[in-house]
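Okay, so chain A shows up in both of these, paired with chain B first and chain C after.
Entry: the complex of A and B
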């Protein structure tokens, strides 16, 4: 770096443009008063909470309260001090809690939906109205007419499919929607191989990276999305691991990696096929591992493509016993029969049925995906693919990690997940110290324990999910009332105009959030929720994160008329005659959850947590968590499965490479819209949360369209021009910023910016809502292919 | 020679430009809106976080920048009222806000552009004072800057930016103590002090 005094002054303009840009603060909610804290205590005191907003970090916070106001947040002291962490988003809460965007009292819509006209109502009135409507709808149409969905930052989620704590969905017999649609595409495919769920444990804990020789990150910008794991990234580098970032964009992570491999967007699966081809052709696979722990030696019938079972050969045989070719007896025998020595490769005939091993079929399929083909498809030089593969296969232990956006928000994301897992299986990197394949953002794997669900009598069951949430705007369904915690409408569905059309048809829309977030524009009722700092109760939520149990205490009393999500549920349930089935206090709930009998929770009680700064380590080994060291997998066969009969009708029993659905030059639409449009996560927000944090807006004041200077100049744009980004689904107006990190042919608006920061439209106006039907068969259902979108840009 | 010479190392390999240190500093020190004591500059293109070069031949790194607590501090020399001073016992460069007359000679003298001036009554969002109660309030017409979190350091704690850095890029300690973590790092790593040719002898070392 060339340092001059001038560069500091210039640099300071870049960094501290802050004050001058305050004018971009466009607040339309004139009826909101500047936030003021209530209550007053002369003394300074310390209180503890943890941060729920979904970066996944769940940082435990030591908070200083002065005169009843939150004034300071520090990282809490964890038993494992490496986790005493915080980031800019956590710190920004000192301002955000008192934001002028707080919903201060319950409100009722007075104009049309989407006009944003509301009038204050009392809690009594709001809850009476909502309860009466829910009762009416339930009686008339059944519980399935009521849909709950909660943003990932909501800790006490009514849609309790994740934590089974609130149980509101079951209590009302309503529909909940879990994680459907987001962050689960690669996991769908990964699950077929490993049996693991999204956020599962075939990846080792990031603290194990110091034991790896190579860490390959696909489409993951972990140094911006999970800043609190940054130390482990650098610890691994200092310990000698090589970190490779595979990403079309020169991200912060790419800039800090030892090697950056740029590729054409959406072609990660082609790189994986090229690598699999090299591993198979060069015999770089782990023969023993494949025979012992995978279905590679299983036999596939050539007449119908199904796996050969014992019942195929003997009428009394089991349909669940899969056969391998036993080289000792030279015959097909059950894979788990004693003394069997399976052939990994080969074609055989038994009882007149021609069979081949899964491994042989994989090899045959892989043959077409040569390194030269992969190079042509991905635009990565062939030698780079060859070198990377050799290092991965022979230089392990190695990590193959992916993020929850870069490779996930694509129509064919499941294939990426399958191939990543298959490559890990071939090279023996699953269940290995220093290895792992899977998602790596937000410290996804660590030691865990079972928390007991709040028990309900058996008559209370959720309504079955009719269709994936992401299809609801497009297909007939029973939903008439939608209870939203957070900012679902902007964040969880692609193509915002379609979302709005659907939402306008509903009979009741309730938005519960601390802030007047974009979803609230379409609400009939707005209910002010507490932040994680406020509560009516001394003890609130509880989480297990990074091998520790975290408890949320009360830091300050509820601001304005806000209530906790717990309290809102309780008061609604009272009106519905259901409150007797719910805990009376959050503390009662947490006591039940902690009493699950899991040995890792031994000695961890509400009292013990309070006595230990509200954070205690699980009773688990000191070492990093490493999944499946025993190589027993939660698949139907208990093995790593390389062949998937379930996808035979789709011709995908073994994966095939497919071009991106929309964002491909092979798509005729590409002529009209030649730019691939992505919306990556950003350090200044966790999804749309912190969009309104004024301490962060000072540094990062407005959304921009990131565009390579060559693409911009080809369209006659100058840096900073107001541009329109458009496709057949909609348009958004935003300033462009010349961004050399963007691959030519790609543009980006980082996700989550609230509507009010755009001159028109939203980053979500352009995104692709098309779901891949085969993913209906997969564990988490279809992923919304937000990135699989084409756009064009013009000057306004 | 001072008994202690407190200083900081900032590992530029570890710095991810996340701005946590900038926000931590604002919070701890009740820094008003529109100014920062601690900024994270991008060593790259024209805008914050932008790389230098042409795709795919790109470079990008960050430079966190605050008061360098120079041994030979130009700001101390030019202050006409002795408001800015170098503290003997620990080598901190501090401002006595009661003495500051707002002449801003120090801002002109500082080659690092790390001092900020209250042109108007400080605005704080939220609408109350935040951070450490012991940090003195500043009024309109006063210069302010990084104090190495003197109120925390006085109690044996490390500055807030060091505590909060998620990448563990910052270390703080006594440069006069050869066994301190900072001294060890400076010995072991390639280091840089900013604008060494100016003769300011900063107590902040960047690890390369």
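Entry: the complex of A and C
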């Protein structure tokens, strides 16, 4: 045998030395196990999952798994084939699941918070440490010291925000903050009128749009945010409905609509007031509807602004019985008394008390908001307002829909929601085929059914919420540990620098996510979560969406050391001595949830779902869901309420027009920062989810500041220049992109971009964190006015 | 002579196994003490002309010197940080240690290379312990696989001891163990040619450029030099000669 130059072994290894070292570095064998599978034929199977919350679709996905790997995602077949769809975000999931950027195993912070230095630790150590800290904090300060919050993309939410499935907050007696602060501003006001809880949806199912003559969309880019519902938009147009987009931005939706009304940002309420004025002045309202279904004929005392009650006139009378002016007897009588024929309008005196109907007061209030005033305020031609109102009031049935950002992320968003609902009430468009007022994104209204919560013994109760989550960075509170699922810190709070200051003061921050999202930077422990494709269990989750029950099965085993949110909760609970109160498997939980006794769930079981592609239609009528056809509303009076005593101290028992809090030319700050700064949603993301999807980044590689060329040129900017956007709260650096199809005087960066994609700063450093105190009285609490922000732009 | 060939494969086994450990394990004091004590990298055991190896060894010595004199623990902390950032993240992993990432356009995990590597492992009765959860084509696992095959080659050659002499003397003795050794060497060459050799360069360049410690820079250089050398050696010096016939 020939010796080669390479085959000279150096002195240290000559003659048997290698054998000795081979003992030190035992063979590579220890990194492997004996092969179990021998067959060379690829094994292929089909599995089902669905997309978790907030992508607007909740698409059920049919997945091909070859040799244990997810290789293809297709739309699942639904009983109602119109939902057998999937969008780019769903299709791109193979890329996210197998992304090399996934968090592989638990990590522990080793540097300062925010420094980004982590070290891998075992699950045992991470969970032991976290459990010990939670235990200590709970013993010392009570459960209120522990805060849970989850963001979009999290199905098994510990804060119970979107599903009553986890119960972790109750189990620990901790504080849970669900969907407070974001996407609930308009719903707050809408709820005052309608009593409807979820996101302002006294809206018919979108499949009912074909029965509408006119659909007005306020600040909604539904064709991007809920792509899978785009078909219903076009179906409606083909059926003859006119679609109007009210939006300062020429969005994809505006481009496809029949009319675009580019109002000044934040003045949607002024447009509504102008419309209400026209409806009232021209007698375009539905007299009968108002008398029967609303509090319009209720009487308001002129001495104290309160509604007139039976107890005001007779000591034995009920304080809950509201009076109307009965035209039969010409006297104040309970609104529900037999034979009453209420006056809609008028000023009366009874028992020495001067009263006016709610309707009359509304009319008096509306008088100042003339179409000319509305035109001046919104910068829309008066004739456009007049035509739109006539079409809406007289050409119905009509839909008045809004998204969850455009009209929502403003300091006075509740007023917008109230006015939208009031306009719908005046024109009889609530509880009407082809009508509806409220949120229209992500197919929010459809047939539904009650899922039973996992039962816990009565000693387990959540701690009362101290203050709204959005106030926590600014006001003293008990929170010392914060368990975050998903991306909360950059996504749910404005003015990121303030958020960070607060976070740095906490004793424990845990972030659970498959990826290193922007919240993770400040975590003490990062726990790798499974995506919706992975599970330790054959059955993983379940939800009702688009009138169907969707089951989520295991598609593949967890990648690296990831665990499901269910499993992480279970293993933490074991360490806290509480696991006996929780379901042993997700399947056990789903069986309990399905056994609620709701007749719409009849025949729907885990077995039946498995036998039916993991998706079954609820046992409900074939027709589109249409809410409140009986015109009974979950308000204190059971009627559509136009007057709100609760806001008397604020002088807002009837709404008044208010300029945007910050983003108004009337604000002295406007001289320094003359650009309104908004952050619209984007078709490639759902909030900040998919920000790191590389396939999507290929076509949409970096955030840009969109700016009207007129504003850009006034600042000496060229298209594509690197610019700094700044105000007193912070700054961000991005490239600018000329966008002529947007009003001058405003700029936008699309929402959700992770920190690392900006040249410096974050889009969220600039946003306005000021909360409207009156909204503390409203159902969802204050909305964070992300859009109600002023900035200036300069070239870097 | 026969002994030397066995020793040579044992040496290869040791180098592959030691490097595998470096890439597969978050550094710990005991691992580093072992490496330093045995001078496994500080005095690279095989003769080679590759400048990368010499340069890498220099880096490793440069790293070792202050460590030997000062605090090992502090050095380990630095290495753990470097290891984590290079191979684990969180966030963008600086040198993603998986063949599929380097060799597919999508730069994703568990693509075709991982499946091909899996088939290689299976042919030799091996499988990664957490199949379909941990990628088969981790750089360290591929090195470990080479260590296993080198070990088996040495074993087969040892058993066939007499046969080797016969080969050296020009007599063809086709014992079963020799055939086995030849097959194993061919498999190693195939594996280097089809897998490790396909991405060792871009991967170790990433490690070299992005490492903050001289240790991982040195490891990257040594690994690149060694693997390129090993592939060449297996091909040029063994296979054409038919040394094991």
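By our rule, the second predicted complex is superposed on the first by the 750 of 796 C-alpha atoms of A that agree within 3 Å, B and C clash if a C-alpha of one lies under 4 Å from a C-alpha of the other, contacts with A are read in each partner's own complex, and residues count from 1 in each chain.
Definition applied: contacts are C-beta pairs under 8 Å (C-beta built on N, C-alpha and C of every residue); 3 or more make two chains touch, one makes a residue touch a chain.
Quantities reported herein were computed from a predicted structural model and do not represent experimental measurements.
Colleague: Just chain B (first), just chain C (second), both, or neither: which does A:250 touch?
Modeller: It touches chain B, and chain C stays clear.
Colleague: Touching A:69 in the superposition: chain B (first), chain C (second), both, neither?
Modeller: The answer is both, since A:69 touches chain B and chain C.
Colleague: Return first, second, both or neither, reflecting whether A:119 touches chain B, chain C, both chains, or no partner chain.
Modeller: Touch partner of A:119: chain C, not chain B.
Colleague: For A:708 in the superposed arrangement: first (chain B), second (chain C), both or neither?
Modeller: After superposing on A, A:708 lies in contact with chain B but is clear of chain C.
Colleague: With both complexes overlaid on chain A, does A:760 touch chain B (first), chain C (second), both or neither?
Modeller: Neither chain B nor chain C is touched by A:760.
Colleague: Quick one: is A:559 in contact with chain B, with chain C, with both, or with neither? Answer first, second, both or neither.
Modeller: Only chain C; A:559 stays clear of chain B.
Colleague: Pick one for A:104: touches chain B only (first), chain C only (second), both, or neither.
Modeller: The second partner, chain C, only.
Colleague: Let me test your reading of the model: by the given contact rule, A:500 touches which partner, first (chain B), second (chain C), both or neither?
Modeller: neither
Colleague: Answer with first, second, both or neither: which of chain B and chain C does A:520 touch in the superposed model?
Modeller: A:520 sits against chain C, while chain B stays out of touch.
Colleague: Mind sorting out which residues of chain A both chain B and chain C touch, each in its own complex?
Modeller: Comparing the two interfaces on chain A, one with chain B and one with chain C, the shared residues are 1, 3, 5, 8-9, 12, 14-19, 22, 34-37, 67, 69, 94-95, 98-99, 694-695.
Colleague: Quick check: in the complex, which residue numbers of chain C touch chain A?
Modeller: Going by the criterion above, the answer is residues 1-5, 7-8, 10-11, 13-14, 16-18, 20-21, 24, 26, 34, 38-40, 43-49, 77, 80-81, 84, 88-93, 96, 98, 101, 106-111, 115, 119, 121-122, 125-129, 131-134, 140-141, 143-148, 151, 164, 167-168, 229, 233, 236-237, 241, 243.
Colleague: How about chain A: which of its residues touch chain C in the complex?
Modeller: 1-10, 12-19, 21-22, 24-38, 40, 67-69, 94-95, 98-101, 103-105, 107, 110, 116-120, 516, 520, 526, 556-560, 694-695, 756
Colleague: How about chain A: which of its residues touch chain B in the complex?
Modeller: 1, 3, 5, 8-9, 11-12, 14-19, 22, 34-37, 44, 66-67, 69, 71-75, 85-88, 91-92, 94-95, 97-99, 223-224, 227-228, 230-231, 233-234, 237, 250, 252, 255-256, 260, 262, 683-684, 694-696, 698-700, 708, 719, 737-744
Colleague: Across the complex, what residues on chain B touch chain A?
Modeller: For this pair, the touching residues of chain B are 11, 13-14, 16-20, 22-24, 26-28, 33-36, 39-43, 45-56, 58-61, 63, 65, 111-113, 125-133, 160, 163-164, 166-168, 194-195.
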